[in-house]
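Chain lettering (A, B, C and D) follows the sequence in which the chains are written, and residue indices restart at 1 in each chain.
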Amino acid sequence: MLDKDGIAKRIAQELQDGWYVNLGIGIPTLVANYIPKGISVEFQSENGLLGMGPFPTEEEVDADLINAGKQTVTTLPGASIFDSSTSFAMIRGQHVQLTVLGAMEVADDGDIANWKIPGKMVKGMGGAMDLVASAENIIVAMMHTNRAGKSKLLRECTLPITGIKCVKKVVTNLAVLDITPEGFRLVERAPSISVEDIKNATEGRLVVEGDIPEMKI
Amino acid sequence: MLDKDGIAKRIAQELQDGWYVNLGIGIPTLVANYIPKGISVEFQSENGLLGMGPFPTEEEVDADLINAGKQTVTTLPGASIFDSSTSFAMIRGQHVQLTVLGAMEVADDGDIANWKIPGKMVKGMGGAMDLVASAENIIVAMMHTNRAGKSKLLRECTLPITGIKCVKKVVTNLAVLDITPEGFRLVERAPSISVEDIKNATEGRLVVEGDIPEMKI
Amino acid sequence: MINKVVANAQEAIQGIEDNMTLMLGGFGLCGIPENCISALVEANITGLTCISNNAGVDDFGLGLLLRKKQIKKMISSYVGENAEFEHQMLSGDLEVDLIPQGSLAERCRAGGAGIPAFFTPAGYGTEIAEGKEVRVFNGKPHILESALTANYAIVKAWKGDRAGNLIYKGTAMNFNPPMAMAGKITIAEVEELVEPGALDPNFIHTPGIFVQRIFRGEIFEKRIEQRTITK
Amino acid sequence: MINKVVANAQEAIQGIEDNMTLMLGGFGLCGIPENCISALVEANITGLTCISNNAGVDDFGLGLLLRKKQIKKMISSYVGENAEFEHQMLSGDLEVDLIPQGSLAERCRAGGAGIPAFFTPAGYGTEIAEGKEVRVFNGKPHILESALTANYAIVKAWKGDRAGNLIYKGTAMNFNPPMAMAGKITIAEVEELVEPGALDPNFIHTPGIFVQRIFRGEIFEKRIEQRTITK
């Protein structure tokens, strides 16, 4: 089974040279720590920054330089800063090649729910609805089941959805799965996880064809 | 009767302190030479410049600094430069308080035609259609009649129109006229021009009420 | 040069009345108009509709207006991090209109740019799309979103000149430029107020035409929400 | 940092084929991609649809492509000052689609920003509105305009870095930024090509994400159409 860093490491293998990438809050943020050697990617922060660098040192901290998670950050050489309408022009105009974000639920047709739990305080969707509606390539990073042990990979989302038929791939602590017209297609198993484990933890339609390799991370 | 500079001088009297103004090619351009003392206005050039200054000296000429008439210009302190979409955001968003432009024909309901003569080479509307559709305050600067002596102030435009019901005021070599629901309302006569002269030169509905004062320029 | 300078935040907010709609720049606590917010608290103007990406925290930013119940309605994309907000919303004292962040930014720009409505894919198929026109372009469904404007837009910039030209620093830019375009009256508070000509005309973020009032803010606390450090 | 540098104009235009749609920045002869235009002439690519505010003059700018009959269709707002253009248009060899200048700029931005259509008042009641949807907002009629995109957008900037970040000088900016957004592939020719970090991230006009190829242009003649002088 993978931990959060393991999920991030596996997603990092999907990065391709020259890509602009938007990472959501939580596990997705960790992906930046595992960029494969030899490739260049740039991270977009939707509050208005391209070329986001690591957290600052104590001396570098600048209240005027934060990421979309409101964390203090730095810029790398070649960075650019722009306003929110331009930032979402990049996102909506599909100039960002990959979006990685967390989810509460993913349906086997690619629907995603990650912004609202009825009856609980609604914090708002932030940029998530623009991201999922626009991005051509969306990977969801999440645990396979919730704290109650219930599957988060469903036939249909039970929570209010953030976007429809948009997720392309899900990477969980148990598996890598592609969204296909037939449902979740199992691509890889996490170390020490069996196909049976994944079947048990997946409520949505699951396609298992041939031998399912174990992830290499 | 006014010459072109006279028309420009008269229009300059309409300027108010703090206004942003877009001046079209031809007579309108001359308005910049007659800004009344004690008021500050800024000129917008729709190719992307606010705070346009006078033509440059030989030494100052910069191919990268032109106005919408493609003439070399300078910038004044407080100028700003922006792209074409932002420039027309200013115009369309009604941030420009006054637009002065020339016309081939103006109808007594405020329609204007100034971009196309059927059968002749069509050069294009440039920014004129955006300007007339958006501006709250449009003054037309033109000769009262064309070279053939025919009135340019009509009941209806005969040429393809640039915008409908948009002109607020017309200043010609003969008169100042406001557009009202009843047609052209005569406001002022040019020096040495009689009301009769203006009636003879105006084809559209003309409202003459009371004594019509002579312009003071 | 058209002079836009006013003395201070108190003078800048003259004319803002109960029940008006305000836009306020900033993302989280970054790039918010701290001085005008304080002046609004002091002036005790109430019934406000505030268009702002976030709603501050309990004791800073728009949280200060919330605490005094000066806000009737928030139009935002993300309003977490604020217990007072939660309390007022759940008790029904505060109306909340949540808008996808990109649609919020674009609707402000549209309001300033004279574009009354535009199509976007964001929110299609979700509750955000309810009651909105749907149209398919290039095989993809989009919803029609309308422009936002405000009686007053209040923005915070790094430097500004007396003609109202503004430049921002870092990601404190965020919503400030599109909102500056969309105010019937736009107020800018700046850290440094300079003479016209001091800012390079090639690098103005918000041209002065969008700004009606400008002043140097007295205090910029610039509180940080998530101080993350590399050791 | 993602490196976008190509060697020269010839390499930059690789992949541009007959009958493609190009956007070309510039206003009049100001801020046009001179080097790529020369390379396109040399490569003799034909049947092009060119989206550009103007069409150059007889012996410069897009006039060079017109002279060799490489352009099938022009999408522009103003095409005066060009006898060859007039000739080809009147003879029916050249299709011309005239668009109000502001709508042209906004349609390019929309194409780059993923907004497939928007409402504008420009052109309502004129022949430009024929066949277009009309809708009234705030009592004022508007027409629906669609986004423009291109196989390649070709822009000219003052300085650029290897990551594709661009800054423009003076009014040579004009249509370059919105067009840079709207190309499936965007090519930038610059006067100075610098290292990443040399340009201040706060003052980038076109972020590198919009640019796929960049090179230092060999020659910038910068011809002036109306040399107006104060004596």
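Assume contacts are C-beta pairs under 8 Å (C-beta built on N, C-alpha and C of every residue); 3 or more make two chains touch, one makes a residue touch a chain.
If you're wondering where the values come from, they're calculated on a predicted model, not measured in any experiment.
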Chain at maximum distance from chain A, centres defined as averaged CA atoms: B
More contacts between chains, A-C or B-C: A-C
Centroid spacing, where centroids are CA-atom means, of chain A and chain D in whole angstrom: 36
Where chain B and chain D are represented by their mean Cα positions, the distance between them in whole Å: 29
For chain D, residues contacting two or more additional chains: 106, 109, 113-115, 120-121, 169-170, 173, 202
Residues of chain B whose C-beta touches two or more other chains: 81-82, 88-89, 91-92, 134
Chain contact topology (line, ring, star, complete or other): other
Pairs of chains in contact (touch as defined earlier), listed by label: A-C, A-D, B-C, B-D, C-D
Footprint of chain D on chain C - complex, ascending: 106, 110, 113-121, 135, 137-138, 142, 146, 167-170, 173, 202-203
Chain C residues touching chain B - in the complex, by the definition given at the top: 1-3, 109, 111-115, 161-163, 165, 181, 195-197, 201-202, 204, 207-210
Chain B to chain D touching residues, read off their complex: 45-49, 54-58, 61-73, 81-85, 87-89, 91-92, 111, 121-130, 133-134, 160-165
Residue ranges of chain A touching chain D (in the complex, touch as defined): 17-18, 20, 40-42, 44, 50-51, 75-82, 86, 88-96, 134
Contact footprint of chain B on chain D as seen in their complex: 27-31, 53, 76-80, 86, 89-90, 96, 98, 100-106, 108-109, 120-128, 158, 169-178, 205, 222-231
